[in-house]
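Consider the two complexes below, in which subunit A is the common component and subunit B and subunit C are the respective partners.
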Partner chain A sequence: MNALAFIPLLLALVLSPLLFGVINRTKALFAGRRGQPLLQTYFDLWKLLQKGAVYSRTTTWIFRAGPMVGLAAALTAAMLVPLGNFPALIAFPADFLLFAGLLGLMRFFTVVAALDTGSSFEGMGASREVFFSALTEPALLVILATLAQQTGQLSLSTMLEPVSVAHWQHAGPVVALVVVALMIVLLAENARIPVDDPNTHLELTMIHEVMVLDHGGPDLAFVLYSAGLKLWLFAALVVGIVLPATANAWLNLLLATGGMFVVAVLVGVIESIMARLRLVVLPQLLVGAGALAAVAFLLGLI
Partner chain B sequence: MILLLSAMAVLLYGAVVALLLMNRPRLDFSWLGAFPVVVAAIVGCIPTIQVLMGGATEQFHFPWPVPYGEFFIELDPLSAWFLLPTLLLSALCAIYGVGYLRSWQGRRSLGPVWFFYGLLVLGMVLVLLARNAVLFLFAWELMAVASFFLVTFEHERESVREAGWIYFVATHLGTAFLLAFFLLLARETGSMDFDVWAAQGIHTQGLASVLFLLAVIGFGTKAGFMPLHVWLPEAHPAAPSHVSALMSGVMIKTGIYGLIRAFTFLGMPPLWWGWVLIGIGLTSGVLGVLFALAQHDLKRLLAYHSVENIGIIALGLGVGLLGVSSGSTVLIVLGYGGALLHVLNHALFKGLLFLGAGAVLHGTKTLEIDHLGGLLKRMPWTAVTFLVGAVAISGLPPLNGFVSEFLIFLGAFKGGISTVGEIAVPLLALIAGLALIGGLAVACFTKAFGIVFLGEPRSEHVAQAHEVGWTMRLPMLALAAGCVLIGLLAPTVVGSLKAVLEEVTGLRPEVVSLNLAATKTSLTFVVIGSLTFLLVTVALVLLRRSLLAGRRVEQSVTWGCGYPQPTPRMQYTASSFAQPLTDLFKVLLGTRKRILRPRGFFPPEGSLETITPDISHEEMYRPMFERGKAWLSQLRWLQHGNVQLYVLYIAVTLIVLLVWKFR
Partner chain C sequence: MLTTNFILVLVVLTNLKLLGSSRLGASIRVVAAQGVVLGFLPILAHWHELSLHFALLAAGTIAIKGIVFPWFLFRAVREAEVIREIEPYVGYVASLVLGVLALGVSFWMCMRLPMPENIASPWLAPVALFSIFAGLFLIVSRKRAVNQVLGFLVLENGIYTFGVGVAARTPLLVEVGVLLDVFVAVFVMGITIFHINREFDHIDVDRLSALKD
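Right after this comes the complex of A and B.
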């Protein structure tokens, strides 16, 4: 294993909180505000890590374990996702199944930690989280199946690399459908508009934010950081598919890293120009994402 | 073989002794009944493991004065693979049963329970070893009858009797199809012995397909394929918990065993067999987990989850069959391998979860999920082991459920890469379906664990719950350890499938080894990932501890938007947790709601009740049996209760038969 294999992981660790800053700046731009500093998430993390904690008497060790297990799962998942031409730290056939599994584990513990508080707000958020994720899971797997079929590869590191200009010309509709579907999955998995509103101040309307209402101090820092990592990882998938590779590996890395922030800007734009969808409409959107990916798969067969 | 025979003898001996002593009310049956099972399991495991490690297959013949019958048993790798979890789980459930049945001690004789428990284990062992159709059916019936009596243990409750009858009828309908299956095979080959069937094979495509369907229905009834599953959600909750664990963990797997064994008789499968199994797998998997989600009774929920897991096993078998038809060794090895491994895994985590549910029942006297809550503080051991089972059954790393689903997924992805539509499209459906099943399983088990063990107790007597004793704790701990170990030793465990796969698939050993080696490489990386995850978790625990050291860590109430007096009744319930999903799938579930809306300014009452009856039971079997009853009651005039008349019927029948014979 050479030292270069750590590059995607290191970039994820260092830059992922910046994505929130970019998204917020984009939204501020749309709203005509100056917005918070780009590095605000880093300041928040630093502040939270300095704090003590308050725990509900209802909670048990499950509540305390939730953020730690979640962050550990996100960190391990970050070792599986490549960037540019640099393969991930751990790459093997069907590594994306482990990726999906780790995200599932993260969700499992976030949800049980939320239920541990005995609060109906958090119960509601937990209920919605498992509801939507049960529908995004098939979409994600079908997207991956389409990618596997298009590239003939079974590892994220080799699967995302060969998508090139030639590929776009050859199978443009397939790639386009996959990207749209993946973008919907990204928004749903990371609790962004139109699925969830991370900025609302009404517990009843939130999904992800309401599940972590009771967490504070270092625990909340863990939650926040793992949310950033998760967004980074999904953005890396999108960038990996969209960005055509050039011959120069370092240039590719630079482009890919830049691409991550383009995705963040895109998320910010979507959040600025769209309202949140009603909860009852969301399943249609999520099943739609799966259907788009399935169409892409079938198109690829022809 | 001598060890296996003595294990069976010990089982029979223990059962008979328990029966003979049943009229001694003061006798403590606990260890008397459980001990022979444990001894038999230990003795039986030795040859089983030997065969799995590549030891020689052993046979035993013994003439038996039954027409066409012969006491012909054999221990080959396939039998051994199913025998191992059977023996292990039987022993663990027996130990658990000692503690579980203690509350009945003195109130009723426990002799019959242990008698039938011994017979059930003996029946399962014999089903897995029998190589003669008559012996197989005998063992099959032994298993069915013994489990019927165990299911109806609490026969003074009407619901239990009802459940028992549904089980009894369902299992015998299944057996009827098996009888037809065996008779057709016997007519075709002129023998009742499995080895002759396997050697000759069936060469007419039409007959093979008929046999295939008969086997799917006959064995599928025992396994619990939708819509043949109706008995499962009735019988499992009715039975004592250690029996539910045994039935759900291993007894329904005899159906899967039978199906795999039947495939070895039927020659080359056409493509559509694979499609049928994938279709069955998707139906059972998705509907199983959806119905589980809608349940309010913890054991009923688990019973529906067995349907789901049987569906996952069927998906694996479907991938394997597609592989055989298309000549793709990768699909064969991954499909069959995933299915077989899931058999073992499901035995561990479903056994564990049923035992956990039993512990909850024991500690709180209720299984109504919406009455429970906060048990983690009161029953810490049960809670931790249940959590392990819940993560494992959701198919999440680093536990064993992930490994077997990984194999099936990997097979589907490898086949999905191929550009042949007939294979790629069903496999795409499988990928989407299995992912949906996984997502819904997470929903279902966060509900089961979160509502039962977390939060505050939702009723008074649950607050006084107590942890169960060591005889009940140890089996749960052992099974939880098994889930973790298989997850972390995945490559080794998958490697031990080699002998079974060679036998089942008929592939050359080097082909199997080659495919397994590639899978083991992937799994090694999975284990590296899992270990990394565990290490990072430990590091984060230490980090958090050092961060919080010396700082203020306070206790308070749960945040309720400033409301300082939350009550347990304000918590989210299991029903509300599952409501978005059950509403989305209401077409499939047919959930009925009874709402009493609160009226006026100071509403005195208001309630909501949701009932999700089994749709195939309501829409298919009930009308079918009603119609059958109406039709058959036309023949009631034959029945007068007059003995002379019945004798006349017999005489007439005999004369008709004689005339027909000598005509």
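Right after this comes the complex of A and C.
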């Protein structure tokens, strides 16, 4: 194993909370506010880790296991995703299925931990989360299948190697469709506007936030950190698809890392200029993302 | 080649948008956009042998499909005072899924068809077939008469796509004739919608089947 393979994982571990800071700063800029410090998520994580956890007597071990399993799944998934020219720590054929499976495991434990509290709000959030993820997961799998088919590779590390400009010209429409579908999946999976509003204060309208209401202290820190990692991983997929290659591997890494924050700024811009969609319209958006991915897959066949 | 492919992708996307949209105004605009985009297809598909023939065809298509038809249909919608489709036979999400399936079927069929050598793009035949499927589906699954006219237009766009891309040397007269036919059809349908609406106070074709004399 190459020591350089640790670089994508280390960058993900260190920089992923910064994405939230960039998104919040972008939104603040649009709203004419100064906004919170860029490092606010790190401060929050530090503060939460200092605290003790409070557990309700109605909860069982599942509730305590939820955040830990979620974090473990997110960390394992982070080992599968490359950045720039540097391959991921673990790479084997068809590891993109493991990637999707780990994200599913993470969501499953968040959902059962939410149901374990017995709160009706959390049950509602869990029900929505499962419903919407049932629509985004096929889209994600079709997107990854399209990438595999276009590149002829079965591992994320080789699939997401920087593509050349010539490849863009050859398969431009397919790549464009995949990126748009992936952006919608990114917004939905990471509970951003237009699917979910991370800043809402009304439990009735929440999806992700309402499921973690009862977590506190280190548990909440785990949930927050795994959410950051998840956003980082999806952004890494987007960057891996669109980033053109240069000759220098270190320059590619720098560009890819910069690209992650460009994706964060993009998410911030989308959140600033769009309102949240009504819950009844959401399935249409998510099925639309799946349809785009399927169109890309079909177009790639010929 | 690349621009032709982008046009074909746009045609697929506009068809999917039509299948998933309930607003009549938005649907009319989408069909108009599809018409304009398709208008550029003859020029781009035959870039190397460009002649007055293709330029005229493009200009005529854009003028009729992009300006005249939308104007007619908007007028019909305004006269009939309808804004959105009501409860179609097949829901919008189901329509989208069926649309993607139809696209899959078109690709599957076209991979088995023998294609001429000089075809403008490998996606052309499947996309044309998909337009035909989408148009037929719109006609049978929607209740508003305006949506059925749009379905007819999409169907015709599919045939047009195939014709422009595959047959390089269709006589101008035939193409102009087809365009004129469609023009008359939409003209008649626009008037019919207006008259149905005036007689029955709605353009819900589902309820027309219960007519008694």
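Assume the second predicted complex is superposed on the first by the 301 of 302 C-alpha atoms of A that agree within 3 Å, B and C clash if a C-alpha of one lies under 4 Å from a C-alpha of the other, contacts with A are read in each partner's own complex, and residues count from 1 in each chain.
Assume a residue touches a chain if its C-beta (ideal position, glycine included) is under 8 Å from a C-beta of that chain, and two chains touch if they have at least 3 such contacts.
In this text the structure is predicted, and so the values were computed from the model without any measurement.
Within the superposed three-chain model, A:P173 lies in touch with subunit C and out of touch with subunit B [touch as defined at top].
Contact with subunit C, but none with subunit B, is seen for A:G288 once the two complexes are overlaid on the shared chain.
Once the two complexes are laid over each other on the shared chain, residue contacts for A:A3 go to neither subunit B nor subunit C.
Ranked by how many residues of subunit A each touches, subunit B and subunit C are led by B. When both complexes are overlaid on chain A, the residue A:L301 reaches subunit B and subunit C alike.
Once chain A of one complex is fitted onto chain A of the other, the partner contacts of A:A275 are absent, as it touches neither subunit B nor subunit C. Within subunit A, the residues touched by subunit B in the first complex and by subunit C in the second are 283, 290, 294, 298, 301. By the touch criterion stated above, subunit A contacts subunit C in their complex at residues 169, 172-173, 176-177, 283-284, 287-288, 290-292, 294-295, 298-299, 301-302.
Subunit A contributes residues 49, 51-60, 62, 64, 68-69, 71-73, 75-76, 79-80, 90-95, 97-98, 100-102, 104-105, 107-108, 111-112, 114-124, 126-128, 130-131, 133-138, 140-142, 144-145, 148-149, 152, 154, 203, 213-214, 217-219, 222, 279, 283, 290, 294, 297-298, 301 to its touches with subunit B in the complex. Against subunit A, the residues of subunit B that register as touching in their complex are 373-374, 376-377, 387, 391, 394-397, 402, 406, 409-410, 412-414, 416-417, 419, 421, 424-425, 428, 431-436, 438-440, 442-443, 445-447, 449-451, 454-456, 518, 521-522, 525-526, 528-529, 532-534, 536-537, 540-541, 544, 547-548, 551-561, 566, 568, 570-572, 576-581, 584.
Interface residues of subunit C facing subunit A in the complex, by the touch rule stated above, are 2, 5-6, 8-9, 12-13, 16, 20, 92-93, 96-97, 99-100, 103-104, 107, 110-111, 122-123, 126.
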